[in-house]
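Per-chain numbering from 1; labels A, B, C, D, E and F assigned in written order.
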Amino acid sequence: MTDNTSAALVRADGRAVGDLRPVTIERGWSAQAEGSALISFGNTKVLCTASFTNGVPRWMSGKGKGWVTAEYAMLPRSTNSRMDRESVKGKIGGRTHEISRLIGRSLRAVVDMKALGENTIVIDCDVLQADGGTRTAAITGAYVAMVDAIEWARGRKFIGQKAQPLIDSVSAISVGIIDGVPMLDLAYVEDVRAETDMNVVVTGRGLFVEVQGTAEGAPFDRAELNSLLDLALVGTTELAAAQTGALTSRDDA
Amino acid sequence: MTDNTSAALVRADGRAVGDLRPVTIERGWSAQAEGSALISFGNTKVLCTASFTNGVPRWMSGKGKGWVTAEYAMLPRSTNSRMDRESVKGKIGGRTHEISRLIGRSLRAVVDMKALGENTIVIDCDVLQADGGTRTAAITGAYVAMVDAIEWARGRKFIGQKAQPLIDSVSAISVGIIDGVPMLDLAYVEDVRAETDMNVVVTGRGLFVEVQGTAEGAPFDRAELNSLLDLALVGTTELAAAQTGALTSRDDA
Amino acid sequence: MTDNTSAALVRADGRAVGDLRPVTIERGWSAQAEGSALISFGNTKVLCTASFTNGVPRWMSGKGKGWVTAEYAMLPRSTNSRMDRESVKGKIGGRTHEISRLIGRSLRAVVDMKALGENTIVIDCDVLQADGGTRTAAITGAYVAMVDAIEWARGRKFIGQKAQPLIDSVSAISVGIIDGVPMLDLAYVEDVRAETDMNVVVTGRGLFVEVQGTAEGAPFDRAELNSLLDLALVGTTELAAAQTGALTSRDDA
Amino acid sequence: MTDNTSAALVRADGRAVGDLRPVTIERGWSAQAEGSALISFGNTKVLCTASFTNGVPRWMSGKGKGWVTAEYAMLPRSTNSRMDRESVKGKIGGRTHEISRLIGRSLRAVVDMKALGENTIVIDCDVLQADGGTRTAAITGAYVAMVDAIEWARGRKFIGQKAQPLIDSVSAISVGIIDGVPMLDLAYVEDVRAETDMNVVVTGRGLFVEVQGTAEGAPFDRAELNSLLDLALVGTTELAAAQTGALTSRDDA
Amino acid sequence: MTDNTSAALVRADGRAVGDLRPVTIERGWSAQAEGSALISFGNTKVLCTASFTNGVPRWMSGKGKGWVTAEYAMLPRSTNSRMDRESVKGKIGGRTHEISRLIGRSLRAVVDMKALGENTIVIDCDVLQADGGTRTAAITGAYVAMVDAIEWARGRKFIGQKAQPLIDSVSAISVGIIDGVPMLDLAYVEDVRAETDMNVVVTGRGLFVEVQGTAEGAPFDRAELNSLLDLALVGTTELAAAQTGALTSRDDA
Amino acid sequence: MTDNTSAALVRADGRAVGDLRPVTIERGWSAQAEGSALISFGNTKVLCTASFTNGVPRWMSGKGKGWVTAEYAMLPRSTNSRMDRESVKGKIGGRTHEISRLIGRSLRAVVDMKALGENTIVIDCDVLQADGGTRTAAITGAYVAMVDAIEWARGRKFIGQKAQPLIDSVSAISVGIIDGVPMLDLAYVEDVRAETDMNVVVTGRGLFVEVQGTAEGAPFDRAELNSLLDLALVGTTELAAAQTGALTSRDDA
């Protein structure tokens, strides 16, 4: 279904099918959290904080292992029309739960819990502005925040000087098929039109942590699946570079 | 990582890596619902009912389209140790939300909402006994229940005699990598040991509706992903046949 | 109001006024619970499980006594038209609360908590299909499940070899007055027409544990109350025999 | 088990076994409600209000019938040690639900819904001080409040001048067996010691609306059941007289 | 805006602008609570109880200090038209929260937590009848209940014989501007018409604990603010005297 | 208690007692909302959005008037240690409710609801970073967002070209007494030490909308109250200028 011409196709915002939107990572945005990053994928902006606490929940205690968990939420007016607050509704919706769990799993996949020791990192990803790809931006920014929280903890000796809790880096991107053409990093207007939507979480070494493909319209075949994975890996390679850029920039300052 | 020897490997319950557990589908188990099936994948037993209602939720009304939605739940003692009821806790957990949404999307993928007309089908999948693969059994059984609910509605002329709301059939299966070996249809003891766990939803024609792969332990590479997809397609082909068997058996009676 | 002719009266399903519907008890239905029974009173089917846990809730601890509690729920499509799930509504309704409490009290009435020791039995009664009398079927089936859970615990020495936690057996049945005629074991179509509805919980020795009579239509007099109690005792005597049958059958196998 | 000597037995508060505690009914206590009564059974004090509204809930509309419903609650420090508020806990307990439903059913049993017309009466019974028998005091006081609310509505022509919505009066009392002796109107210290506890709701004509007997300790036999019913009828006859007294007193003023 | 004539202005209920409504305090109304008062400001009636418990919440433990907290609620038919119960709605409204917090702060302002020792006083203020000024009546009555609870505790030696937990007394009153005229102690009909509404909490020595002025209609200027404070101090001086009266009356009995 | 020397006193962050922290207002921060402002008072940062909707809630409909309401919330890691999310807890705390209501009242005080017409403005104030004064920053920023939402609506003719919904501007500031010295705009470290804490909401013309003074430690006298009001008016005058600056700046661009 994809063909030679697709690479040349121009999208509403001028991107080629394999282009990411502009990515910025404002590392250390928060003066309060142990680690933080305000990440943007185009108009999507997510504030990611990593809160480090000495100790683990009681049910994990005494095993010499740490814990990483995540919560995702959207501000009520991050979207084009205002949504009710989940706190006001008194319950958390299925989508929020699903994304919080995805972020948590994605980050745990690159953490050695023994090396983390009995410490807890809580990641909060709050979407300040939404234009598609909020969960993938959240994972990508959360990794940066987590790295800084771990370094903060090392500085306070909550983690040993030689401990290596980070096994790898992790980032995520969305891909999808629109009018039969696979595309990278869907903006909201593209996302609602996509026949198939896939979120792919990949480590810095190029291994998969999560592959979540959903046929929103027509089911997809194996060739389409492969095209989407190819595109996703292009995107996560760029995101890994952006993470490295953000994490090294301040060290030079 | 998979090799010639893996096909010969024998699992705890005596299966080969590419074997499903015994599948049974008791179609029409419920005397109350318009469609129903009690499905078992080995010791996993899920009661699936399809409730057909004339009309759609108000926000969908007037568009000439139907709606299909699903709810999944586990009985408190479906599992090895008793879980608290979500009704008692006063809220639905993230996993329940996630699976309910997955079942709903999977079934909608094979329904032509225009052909369904302004009618609603609510699928309930209640796990009576759990031994791994409850969400995939739920999808597979729910399809059978939905077919009967649609036929029930046709009999009462809620749906036209020539309307074809069903585009395709749908079934689902889990696959995973254990000690480096891809395996089909994980039982609970296998599921907890899997490095990678994947749920694959496939139509009767062999197209993908959902691919949800998660690295619970080590991230996975593209070759492993491909092996898992190969196995899954073996499983869903067998499940599609079991569905056809269940749906035709009674017609002969 | 009852007269000589009432005994000869034939009900919609062909029963005489003093007949129970067919009763079946599938003991050990669940492969997970310490004790279980799938009981049916005609089309009413309730899955009863008994979960045995060593220890008691903190507020009871150190008194050398055990605890038995129960939870009742209906599957959303156990009834003729689908009900919303209480987990989705986020709260448990008054009727559910009322029945859960009734089941718990009924079972506790035949347990010697000292002989049970500091152990907890949680009874779950989930209605898979409802056609009247679900609470009485639940109590009757739950007793069978509880017996097996106690024997399971004795096998693991959580309960002493000579301890006798069971003082008596317990079963329950509904009775009601329809068009002035007292009847036993009301099916749903009868229940909605009854002027008076009574649930009676009786021990194997024929003593009352609960008598709950409600005038849904006209208030009732003492003679009617007595007729209802007479009928109920006929029913619970038969149910006690069915329990004994279920509990002895497998021992012979 | 009851014998000749029991009638002579003296209780902690000096009553004979067949004595009620002092009953007072302050009719019209509330300046806001259409009908109200502050009732006391000894130290138990319940504020009952009846709120009359023109119209019925939407699901009842157009049937020419009215509706009566009730809510029961206890102030947090109505009891000897403070209870948490159900509003703070965010959910209503099973006991509260059970009693609210009992009060509603009891009052509906003496109302002709056709004669009430499409009007709603909401009864609120708030326990200001609790010393046993709160639900029976609530029913007894609520009847007085309801009568006044109906007369209020007649005055405003929401109910026709000749309509007779009240079929009968209704009151309720508790009875129980303590140390083998049946007793009337249990105070809290008696209630906690009772082997059997029964709440009986009776109309002014002496017919039963509800009989709810529970073996808290040992199960009870038919003779005991009969003794309890005899005592209850003594009590409700006196309560009916007290209601009449309250309802006629002010008319003379 | 206030002028010479305003003092002569007569209000709907015949009061002058600087008059309180009749105040009554029934000290010791509850037979259950350690301290209690049924207070009325005209038709506003609030039952205030003070529950004394030895010990403090865990998070305060070990600091040698006590804790005072308060909960406020309205009976559903305390008002002219019935309100839904917050327990039924499953959540507490903002107004309730706000007033509960105000009462708690007001009482804590006159308690020396060290002198109270590790003891907790929970104040419950339940509005039985509402006609404006419920929060100010609640604070004024709660103080009386708290004094008695402290003396109760002293009698049981939970508090030392010489400990002086009470630094001062506290009472509260509402003031407001209606048609440009500042008035004391607004009844409900006045409250809804007020341009500015202010609640003032004042100690027995005349110091401010809380000043909460709100422009419901037009914003107010400094002169108006000063007039309102002047009036409020007139009111709280009278209330302090009423509290003293209530607290000394029974000692003489 | 305040004296000549207090003006010269230097605070932890180098400010004089009558100094505000640096104030910045990023007008139009959000690309989604009809009006928005990211406001900072020193390290306190609040994102304020104003969502304009045509129409009003049903209970207000047909009166020709508009409605303005507000919701306030804090991100979980806006504070020094992480707070649980209110959405996760399933209920909104008292402090959140109190502040949401305060913001709503403050903005409504400067809006002519008739001139607004049947339109609704929902203000969301989300605290991204907290260092004291979050509610006052929220009110000050929300006014700017609201102005832009009204102009947006005028551009789309939801509001008439000559309608003047804005009566005045509004801003707010905190003041407090620390070690006997009244100070303006308390940072968090000051707030926790303050004996008295006051939030003052003032219109552009210098009239009071809200005065909320609370004795956290010792009660305060009239002279202190007056000093605090004097300081507050200094602050709100500066804030009104900052609002004007933000609202005019972009017009020139």
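FYI, contacts are C-beta pairs under 8 Å (C-beta built on N, C-alpha and C of every residue); 3 or more make two chains touch, one makes a residue touch a chain.
Going by UniProt, the chains are A, B, C, D, E, F = Ribonuclease PH.
Not measured: the values here are computed from a predicted model.
Any chain touching subunit B (Ribonuclease PH) that also touches subunit F (Ribonuclease PH) appears here: A.
Note on connectivity: the fewest chain-to-chain touch steps from subunit B (Ribonuclease PH) to subunit E (Ribonuclease PH) number 3.
The chains touching subunit D (Ribonuclease PH) as well as subunit F (Ribonuclease PH) are E. Residue numbering shows that subunit A (Ribonuclease PH) and subunit B (Ribonuclease PH) use the same positions for more than half of their mutual interface. Averaging Cα coordinates per chain places subunit B (Ribonuclease PH) and subunit D (Ribonuclease PH) 52 Å apart. Rounded to whole angstrom, the centroid-to-centroid distance between subunit A (Ribonuclease PH) and subunit F (Ribonuclease PH), based on C-alpha atoms, equals 33 Å. Each chain gets a centre from the mean of its Cα atoms; for subunit C (Ribonuclease PH) and subunit F (Ribonuclease PH), those two points are 60 Å apart. Residue numbers of subunit A (Ribonuclease PH) whose C-beta contacts span two or more other chains: 90-92. Starting at subunit D (Ribonuclease PH) and stepping first to subunit E (Ribonuclease PH), the chains sit round the ring in this order: D, E, F, A, B, C. On the side of subunit A (Ribonuclease PH), the complex with subunit F (Ribonuclease PH) involves touching residues 30-33, 36, 43, 47, 49, 51, 53, 71, 73, 75-82, 85-92, 96, 122, 124, 126, 128-131. Those residues of subunit F (Ribonuclease PH) whose C-beta lies close enough to touch subunit E (Ribonuclease PH) in the complex are 91-95, 97-98, 100-101, 105, 109, 168, 198, 203, 205, 207-215, 218-222, 225, 229.
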